[in-house]
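In what follows, chain A forms one complex with chain B and a second complex with chain C.
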Partner chain A sequence: MGIRFLTRRLGGAVLTIVMIVLLNFVLFRMMPGSPERILLGRVPGVPPAVVEATKIRWGLDKPLFPDQFVAYLAATAKGDLGFSYGERGRPVADVLLQKLGPTLLLFGLGELIAIVIGLALGAYSGWRRGGIVDHVGNAVSLVLYATPYFLLGMGLLLLFATGLGWFPTFGMTELGVTHASFIDLLIDIGRHLFLPLATVSLGLVGQYAILMRSSVIETMTEDYITTANAKGLTDGRILRAHALPNALLPTVSLVAINLGYVVAGAITVEVVFNWPGLGTLTVEALEARDYPVLQGVFLLLSITIVVANLIADLVYGMLDPRVRT
Partner chain B sequence: MIAPPLPIAEEVPFQAARPGAGAAHVFRQLLRRPNGLVGLAILAVFTVLAIAPELFVGPLETAVTATGPRLGPPSAEFPFGTDEVGRSVLNLTVHATRISMVIGLLATIITVGVGAVLGILSGYVGGRFDSTMMRIADFFLVMPTFVLAIILTAIIRDVLGTGSKEILGMRLSLLVIVVVIGLTSWSSTARIIRSQVLSLRERAFVDRARVVGASAGYIMRRHLLPNVMNLIVANAVLTFAGAVLTETTLSFVGLGDPFQPSWGQLLDAARSVGAPGLGKWWYFVPAGTAVVLVVFAFTLLGNALDEILNPRRRGRS
Partner chain C sequence: MRYRFGVRLGRFIALAALVAAGLFPAGAQAGTGQPLILTVGTDQDLETLNPWQSITVADYEIFQIQYELLMGYDINLETAPGFAESFEASTDKMTYTFHIRPDMKWSDGEPATCDDALYTYQFALDALANEDYGYVGSGYLEPSLTNAGLESVECTDPLTFVAKTSHPTTILPQAYVPILPKHIWEKYDLEEISNAEADGFFKNEPPVVGSGPYVVTAWSPGDSITFSRNDNYWGTPGVPDQIVFQKFEGADTMVQALRNGELDYARGTGADQFDALSTEPNIRVSEGFSNGFTYLSFNTRATQKGYGGSTSALEDQKFRDALGYALDRQTLVDRVLNGHGVPGTTHIPPYQVKWHVEPKTPRTFSIDEANSRLDAAGYTRGADGIRVDKEGKPIELRLTWPDSEDHATDAQFIQGWFEDIGVGVDAFVTEEGKLLEDLLGPETDGGPADWDFYMWGWVGDPDPTSLLSIFQTSQIESGTNDCFYSDPRYDELFTTQLEATDEAARKAAIDEMQQLFYDAACYHVLYYDSVLDAQRTDKFTNWTNQPPDTGTPIFGYGYVGYMQLQDASAVPTAGPTTAATTAPGTSAAPGGSAVPVSPGNTRSDSTPLLIGAVLVILALAAGFYFMRRRGPKVEEE
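Let's look at the complex of A and B:
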């Protein structure tokens, strides 16, 4: 991989992160009401001396640019995201860190399952275009694409938790239960995880299947597939050795780009199942207008996605020499 | 946008508008395709509901005018049951059609309008303007726009205040959602239009127009815009689907307006009272089905249009 390719991609990612951090600063300053009033809790009748002291205490007496901006940059770089209004003034970074685990568990696993099943399904229906799997798969994928994640979650919840009673309806563990062993805890989490995980996987699987299908169909029109056919290779061999590796390429970057959309689904699915992750936190912060937490969530999610895209770009560059320019 | 745009190949040249290939021709072709026909039929039903909900279920019920039991199951009087204050869910769902569809329509107009203008400018003017625009578009493509939309909606509403101002019969809080959806989803349209304009720019008719002294503005309006119109329409249909999904999701996380409920707002209300956990399926299944049907119809229609207008896809599925 050339140095130019690396620096261009890295530079792009850094620039994007700078824009995100800038946006975060500007958005926060757009808010109505002066910051010192918000810090003082909007109580009427605060003596001017107290307001003045608060301003000095938080550096609000200094100009917005460059003083406040530099202070913001320095704090953000150190991982200091301010304090939550809602969670009794806990540091935002702590709050986020606590909610990160459940979200990673749910969406990491969900992505993995969806990618494996979606790519396999898409590859098969693209390969056997017009077959039964293709027709049924296409229809199901389109319907799933049209269904918001949370709606799917509400349906599954209604059927399997409320109706059939197979799974618990909310949370990550049973409330008020002390687990005898670590295995018991895992089983409990697993039972709670099943439905949200199924929702996430089902929601994503359609998109990946559609992508992979069109990618395989695109690849099948290439000259080297005709050549492989003319050489008398078996169908299975053409698929495995020629079509699949090439068809998989575009899905690498598409999976990364999709992450931005997955986030929206993440937020709502967690809300439906009361999963104690970043999504539920976001909606709670939204209701309480806990802006520091919202800004922290935005910063964390967008930087994660930029980094994921950078990694996808680099992987793509390693796999496909044509884009290393 | 909540859902990624379905893959329309960017680099594929769309059929240039030629004489005789007008809207009527495209419409006839749409009716001949099963996906186009089904899409149009579903949308026709919802359009009628959106235009005249009163005709079917009477005026929108409020907590004051509600007559039913609390969270009552479907009955002869209330075919879809009632909500937590005794309003008919059928009444609410039918009235929500207008709110959801109008927000979707307005957001689509903004998204596609901004995307088309910036795409044509970026592709034709080129140079530094183009690279800056595309850098910004990339930024929106990578970012979790939904989280940005949540924050923007909350902040803009706080700035404007929570009055009950109405513009054109829409409450201000809903117009904020419209603008935010437009602001956060124009970038993919801009990209698609730009790449088409890039190839059009090199064509002889643009050169000829320039040689006879046409201004850049004239060329963009009279030569480039008509030639990307097909692309704009196909893109608008898919954008509409995305806008309805985004609005539904934004309302679901609590940014809807209870006084002008959309489908998403109803779903949020159903979740808030724990309808799925209590087995009160009638509260959210109607609104949910409506969302899925409308988005599904737009996606079918978008695909059908793509097949008709996109020469590389003709004869392929």
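Let's look at the complex of A and C:
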């Protein structure tokens, strides 16, 4: 991989992040309504002097440019994203960190399972095109691909939590229960994780399987596969050494893009299962018009997606020499 | 080696199944020996543990479980013993003497005395006198002290708290200010308590030191709060060992959790869910009146200098009065609230049974009446059927509401009715921050009151003063009196009721104020919406509404609702206790065990094994299938 390729990709990513930081400033300053009024809320009888004092305390009396802008850049560079309006007294970075873990757990694991099962199913379906696995797998994949997360989640919840009572309905741990040991805690989280995880995995598995299947089928028509067959290579060897590496290319992009959403999560899954992650936080912040938190979420999500795309580019470069220019 | 792929997949599935099966038995945690936990789901965020920062109902609930007010509230919303056992007022009602309960302790064992009450009230008084602040935190608690005219406080001995007011008052004992432990709070100054962004802001993190029946011992901000019993609480301990609040982003999930026995209380269910729950076994529903109202407010200074209303008609009481006849409030209640509410009249809601009064001549819905009143007031219809104002301009009103509330359906109805009386309506939603700004008139530095009429709501205290105070002339400047209502008689009566020393005189003043404001037609109160809560009855019994006829068991005033609760398993009833494991709609299995059962922790033991077995079989079948498929296919190619 050439230095030029690396610097171009890295430079592009850094530039995008800088643009996001700028956009973040402009976008949230364009929100209607003055911040000091939002800060004070609908307090009955706030004297104008108090409004003025609030403005000064928050630096809102200074001009937007350059004072507020410079202060914003300096703070953002230091990782200071301000304070949550809602969760009073908590820095936005803390709020985000608290919710990042559960989301990473849910979607990281969900992605992993979906990638393994989806790619395997897709590869097998494509390899054995027209077989039972292909027919059934493809139909199921299409249905899962087309089903919105919240519908799938609600269905699983009604069936396995409300109907059969096998799994808890919401949250990450049992309410108010103190766990005797770390193992107990893990088991409790595992029980709570099962349904949301199943929703995420099932929701993702369909698209991976479908893409991988068509990719494998396309690869199978290539001349080098025919050549490999002619050389008398075994099926498995053709699949592993020739078909799969080439068929994986398009899926890499999809996986990378989806990895970006590991942090964004599928907001609806988290809301359906009341999972204490970034998705529920985003909805909550939207409802409460907690702009600093929204700004933080926005920054975090954009950066993750940029980084995920960068990784995709680099991996792509490693897999396919043609793009290393 | 060509079949390794299939074998691997099979192994993976088998492994996954085994892992899954291993997780299940853990679900069947024994119910016995576990603490008795009251689990409460709420639609509101759990944002702060610092009482001075409280804004929402959930914030209030968090502090009122932990801290005594000087005087508390009983189940009928009457004054009850709190931090003080009793009080007496001087004959001029300007000096109040509170007798602090002897030998009371904070949850950390420190003595709770008059010093704590003095610290708390003096802190509020100092904050109010501070020029940079003028209030503390979110500014919602101390108005109960200013309204009472509190001037000075002192401790004449460790158990006697004396408060002096600048005018006669009867509302000081109802002041909604939690008494905080001085030894904890005095370490922080106004900035650290009031300004959530200050360095060293005091979040009051657990374990919280309080005097109430429960104190917060764990807090996951924005997610859940755990309260544990305060062993130093002066009264009879509550039955639940712990109380846990859980925030829900989706009401659907909250209601399912209640159905599944994982929650004992759901606050703020939707109307449809509420109706469905009301017929389900082991569930009790409570429809409480909210202590507030939803209204239409008019820009009554529309075309005056500095105001941005679209027509002078808005300034005409006769015009606004006529519009009041074109509002079918019952239909709004039926169609928007699914019947869960009461059509509105005056600005003191019926929740305040003692103070609400119906207007002498209520505006009953009649399009004909509205039309004839508009005709009589001189608003003639133009060629297109739209009425014109005195300047000859067609009347096209802008109707808006904040995006934090859903009033689109109300707006559609209003649009339809107003069309029938020849008044055009352009309805749209406005971002809340922008709306707050738009509403302000030139008296406030915002301005220029660029609006015609809008929908929103107010919520009151147990005492009517806070709702009455909004419409004083003096509140125009602060931006609170958003319809620019100004009547010297109303202002005079506000003082009269505030300083009245006997209830009958106060009631007479408040009655007249409601009538005056109703007649002025600055606001049209649309409805008093209900609070729809639901409770499980198989873990805790004796849910008691506060107040009994119009309230909900908890999320009221004080903590009395929690103290009524009884352990369902301790009361030998015919009702089964294992109902939680059955699906809703099916009847519960008879003959539940007498062992205390906490539904959330209890699952049948056999089902996990069953699903584990099924998964293993599926995995084996899948593995077998893959291995079998491999052979013949290869030969074909």
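Definition applied: the second predicted complex is superposed on the first by the 300 of 325 C-alpha atoms of A that agree within 3 Å, B and C clash if a C-alpha of one lies under 4 Å from a C-alpha of the other, contacts with A are read in each partner's own complex, and residues count from 1 in each chain.
Convention: a contact is a pair of C-beta atoms (placed from the backbone, for glycine too) under 8 Å apart; a residue touches a chain by one contact, two chains touch by 3 or more.
Small disclaimer: the values here were computed from a predicted structure and weren't measured.
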With the two complexes overlaid on their shared chain, look at chain A and say whether chain B and chain C clash or fit.
-> clash
Examine A:G232 and indicate which partner it touches, taking first as chain B and second as chain C; both and neither are also allowed.
-> neither
Using the superposition described at the top, determine whether chain B or chain C touches more residues of chain A.
-> C
Thinking of the overlay built on chain A, is A:P63 touched by chain B (first), by chain C (second), by both, or by neither?
-> neither
Applying the touch criterion given at the start, work out whether A:G163 contacts chain B, chain C, both or neither, answering first, second, both or neither.
-> both
In the superposed arrangement, does A:E174 touch chain B (first), chain C (second), both or neither?
-> second
For A:G131, is the partner it touches chain B (first), chain C (second), both, or none of the two (neither)?
-> second
Please indicate which partner A:P321 is in contact with in the superposed arrangement: first for chain B, second for chain C, both, or neither.
-> neither
Partner chain(s) touched by A:V297 [first = chain B, second = chain C, both, neither] = first
Considering only the touch criterion stated at the top, classify A:M154 as touching first (chain B), second (chain C), both, or neither.
-> both
Quick one: classify A:I305 as touching chain B (first), chain C (second), both or neither.
-> first
From 81-89, 333-341, 441-449 or 621-629, the chain C stretch with C-alpha clashes against chain B | 333-341
Share the list of chain A residues that count as touching for chain B in one structure and for chain C in the other.
-> 31-32, 154, 157-158, 161-163, 169-170, 271-272, 283, 287, 289
Would you tell me which residues of chain B are touching chain A in their complex?
-> 1-4, 6-7, 135, 138-139, 141-148, 150-152, 154-155, 158-159, 161, 241, 245, 248-249, 252-255, 267, 270-271, 275-279, 281, 284, 288, 291-293, 295-296, 299-300, 316-317
For chain A, which residues are in contact with chain C within the complex?
-> 31-35, 37-38, 40-51, 53, 57-58, 82-83, 86-90, 95, 98-99, 116-117, 120, 123-124, 128, 131-133, 154, 157-158, 161-171, 174-177, 184, 187-188, 190-191, 194, 234-237, 239, 270-274, 276, 280-281, 283-284, 287-289
Interface residues, chain C side, partner chain A - complex = 1-6, 9, 12, 20, 23-24, 26-27, 29, 34-35, 37, 39, 45, 47-48, 50, 53, 55, 131-135, 138-140, 143, 195-197, 201-203, 220-224, 226, 242, 244, 246-250, 252-254, 256-257, 259-260, 262, 404, 430-437, 444-446, 466, 469-470, 475, 477-480, 580-584, 600-601, 603-604, 607-608, 611, 625-626, 629, 633-634, 637
Going by the contact rule at the top, pick out the chain A residues touching chain B in the complex.
-> 12, 15-16, 19-20, 23, 27, 30-32, 129-130, 142-143, 145-148, 150-151, 154-155, 157-158, 161-163, 169-170, 207, 210-211, 214, 217, 254, 257-261, 263-265, 267-268, 271-272, 282-283, 286-287, 289, 291, 294-295, 297-298, 301-302, 305-306, 309
